[in-house]
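Working notes, structure below.
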């Protein structure tokens, strides 16, 4: 905006905005801080912002007590795998909806979203039994499938909103230039939609990474990702704040860092076409 | 742009998504429906047979059931109200000319990256814990009794935690919407003599309608199934004070190990979700078209 | 080769009949312009020929082969779109080579052809740029380049100049005309601008409400409009169409006189008062409110000193009055 703002006004707004933002961020900050404290200073009253006895011991302890690399790797495989598989299925669907819309396209989209409204707890038992029977229980491929299907409506919706911004004439030009439908999608649509596909990918990796219901109920050991890792650290271990904080930090750090770096693309994707 | 052949191609390409989602929805649903009419207890497997509507009757006659329904709606409504109102305020604040808008956005978005069990456990232990939590320390420092958040105000505490998780989502969508508002439009309104309040009322709010719709839609989808936060913090208690429908079903299935009863609860939850979805789509659908 | 024949081609969108049935032959090497007001079906007709829309009935044949059911890729036609429709993620070179790549052409030959096209179109220095870095005229040339490398049976242009500013439009108009003269390939060009139609076409097809009003060379259309619609549409400023007693005197329901065929005289004829006068130097355009035949557009000589409010007398030149019957059709 080309209006003039007095420095004083700007200072007030800056102070207010930073105060609010720091309040929102504080719990994350406090967790990370606590993870470097000793158990004694972690529960000190009044709470200490800085202590003299910084330590990495909590991380060492958590690392030695559990198989963090396996949990981590499972998280990566499951979230990235389900997202890529989802994209593969969703791109053609979104192409259809965006470029060959019919009278029922909106209804179809809404129906897809409504499948997400079914409470997971309601279908827990059948899902558990199906996974047991088909041998998918506690396997990565099983979770990849489950999370892909869970997030597919979101992926289709996001891609649909991006594709709709691409002028249909360009795809027609490709058709005139002799491109088959497959080539049209591979050489023209997909490269043009890369920013949209990237933010769709990011959001879905985050959603899959943070999913905690199916990942906990459909795994025991082999395929358990970080959400199961953190669940195992809560209650039964007793209240060791510093170690709990270290484990929490280890569970959220990868996605937090990924999110910070890709914040711009992600926020664009988050709008679900809400902003033109 | 549609020829017969491209319409056929479109059908074929949308088919995998539709079929997969249909199977993913219908198979568990059908099984759940089946179990809901069966007697099926893991603890007494020798008893089996048809249960008729007794599981449904049990739910409808249970005092906890209506509490669970109202808790579920309270959770969804409460979080929606808090995140939408605070989200707009936060977005308006960050949209002002301030120093460091980039870092501000990073700080605000961070809770969104925290997985629900971690978020719940941070709040439960580091902040709301009656002995060692930060809030308790402050209360004691000021000479008050620590508040027993999860015991005395379980629903409010859960709503608070979930709102913290979802506030970034709402705030950042609103911020993006605000930033897409053309400054010429605002300046024209200023020239026409509109004050800050009327500019907000007649220009900013109508511009935000679509993004508010999307926030409500997406959040409702995720909030109806909220489970992890309750499981980690209050376990539905004290008593049943913070039991929501999904949690009540979970208790029947995993703690009471009564699959038939849990299945009946599942069907009821699906019906509730559909009622909510119906009203949501009807009232919001048109906002999405434009 | 590029002879395109339409036989009873029809198109409905749902219950709406956009094109009720068109017969047309476009000869090999012709430059044909479809012209008409917006919504007359000219773009739809082009898209039917391109294969981007299905016909609801009739036969489209290209070089004697029935192409009605062929997908666009198989028709051997190239199209230049109104928005240029360049691929924003590819360089100019890749844009131009895209159709060759799709045809599976060997890379050396494809490069040679792209370079040749670039030379013709003055794009040689821009080959490694992305479309976003080009001006409107350059983008237009890339779109044309992408069309010519394939050596198609015919070129289809869908209002290609409407996004350019006035000066550039005149330039590009000439470039396309020159291109046609050197390639001698069939071109079908859609526009709503009758000036483009008049200046570029070998053959103009005037469309109105999905029907062909008249087909002919620019001068045929100018000199012998078949009906009042064509008479009013072709020519700038518009032909004056007069009804009433003055028309009946000549035994017609409507008579038409072009602004350039009205002479300003000192007495006799139709008397009126000058409303608006535009002095362009080369021409003077007058709007004269006459006493008995309404307002007339007049194109007078270069330096006619007439002002708002002056009284003038107008006489149509001998043999330049068009007569139309009650059905709007021209009378012999």
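Note that the chains take the letters A, B and C in the order they are written out, and that residue 1 is the start of every chain.
Quick note on the criterion: contacts are C-beta pairs under 8 Å (C-beta built on N, C-alpha and C of every residue); 3 or more make two chains touch, one makes a residue touch a chain.
As the structure is a prediction and not an experimental result, all values here were calculated from the model.
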item: Chain located farthest away, centre of subunit B as origin (C-alpha); value: C
item: Of B-C and A-B, whichever chain pair has more C-beta contact pairs; value: A-B
item: Closest chain to global C-alpha mean, per-chain Cα centroids; value: A
item: Whole-Å gap between the CA centroids of subunit A and subunit C; value: 54
item: Inter-centroid spacing, subunit C versus subunit B (mean Cα positions, whole Å); value: 58
item: Distance between chain centroids, defined by C-alpha means - subunit A, subunit B (Å); value: 16
item: Residues of subunit B engaged with two or more neighbouring chains; value: 1-2
item: For subunit C, residues that touch 2 or more chains besides their own; value: 52, 71
item: Shared-contact residues (touching 2 or more other chains) in subunit A; value: 172
item: Complex contacts: residues of subunit A adjacent to subunit C; value: 167, 169-170, 172-180, 183, 187-188, 191-192, 194
item: Residues of subunit A defined as touching subunit B within the complex; value: 1-3, 5, 9-10, 13-14, 16-18, 20-22, 24-25, 27-28, 30-31, 34, 43, 45-47, 89-90, 92-93, 95-97, 99-100, 102, 106, 108, 110, 112-127, 129-130, 149, 152-153, 156, 168, 171-172, 181, 206, 209-213, 226-227, 230-231, 234, 239, 241, 244-245, 248, 251-252, 255-256, 259-260, 263, 266-268, 270-276
item: Residues on subunit B engaged by subunit A in the complex (per definition of touch); value: 1-2, 6-7, 9-11, 13-14, 16-18, 20-21, 24-25, 27-29, 31-32, 35, 90, 93-94, 96-100, 104-119, 121-123, 125-127, 129, 132, 134, 136-138, 140-141, 164, 167-169, 172-173, 175-177, 180, 183, 186-187, 210-211, 213-215, 217-218, 220-222, 224-225, 227-228, 232, 245-247, 249-250, 253, 259, 262-263, 265-267, 269-270, 273-274, 276-277, 281, 285, 288-289
item: Touch list for subunit B against partner subunit C, complex; value: 1-5
item: Subunit C to subunit A touching residues, read off their complex; value: 50, 52, 71-73, 77-79, 81-83, 85-90, 98-99, 102-103, 146, 150
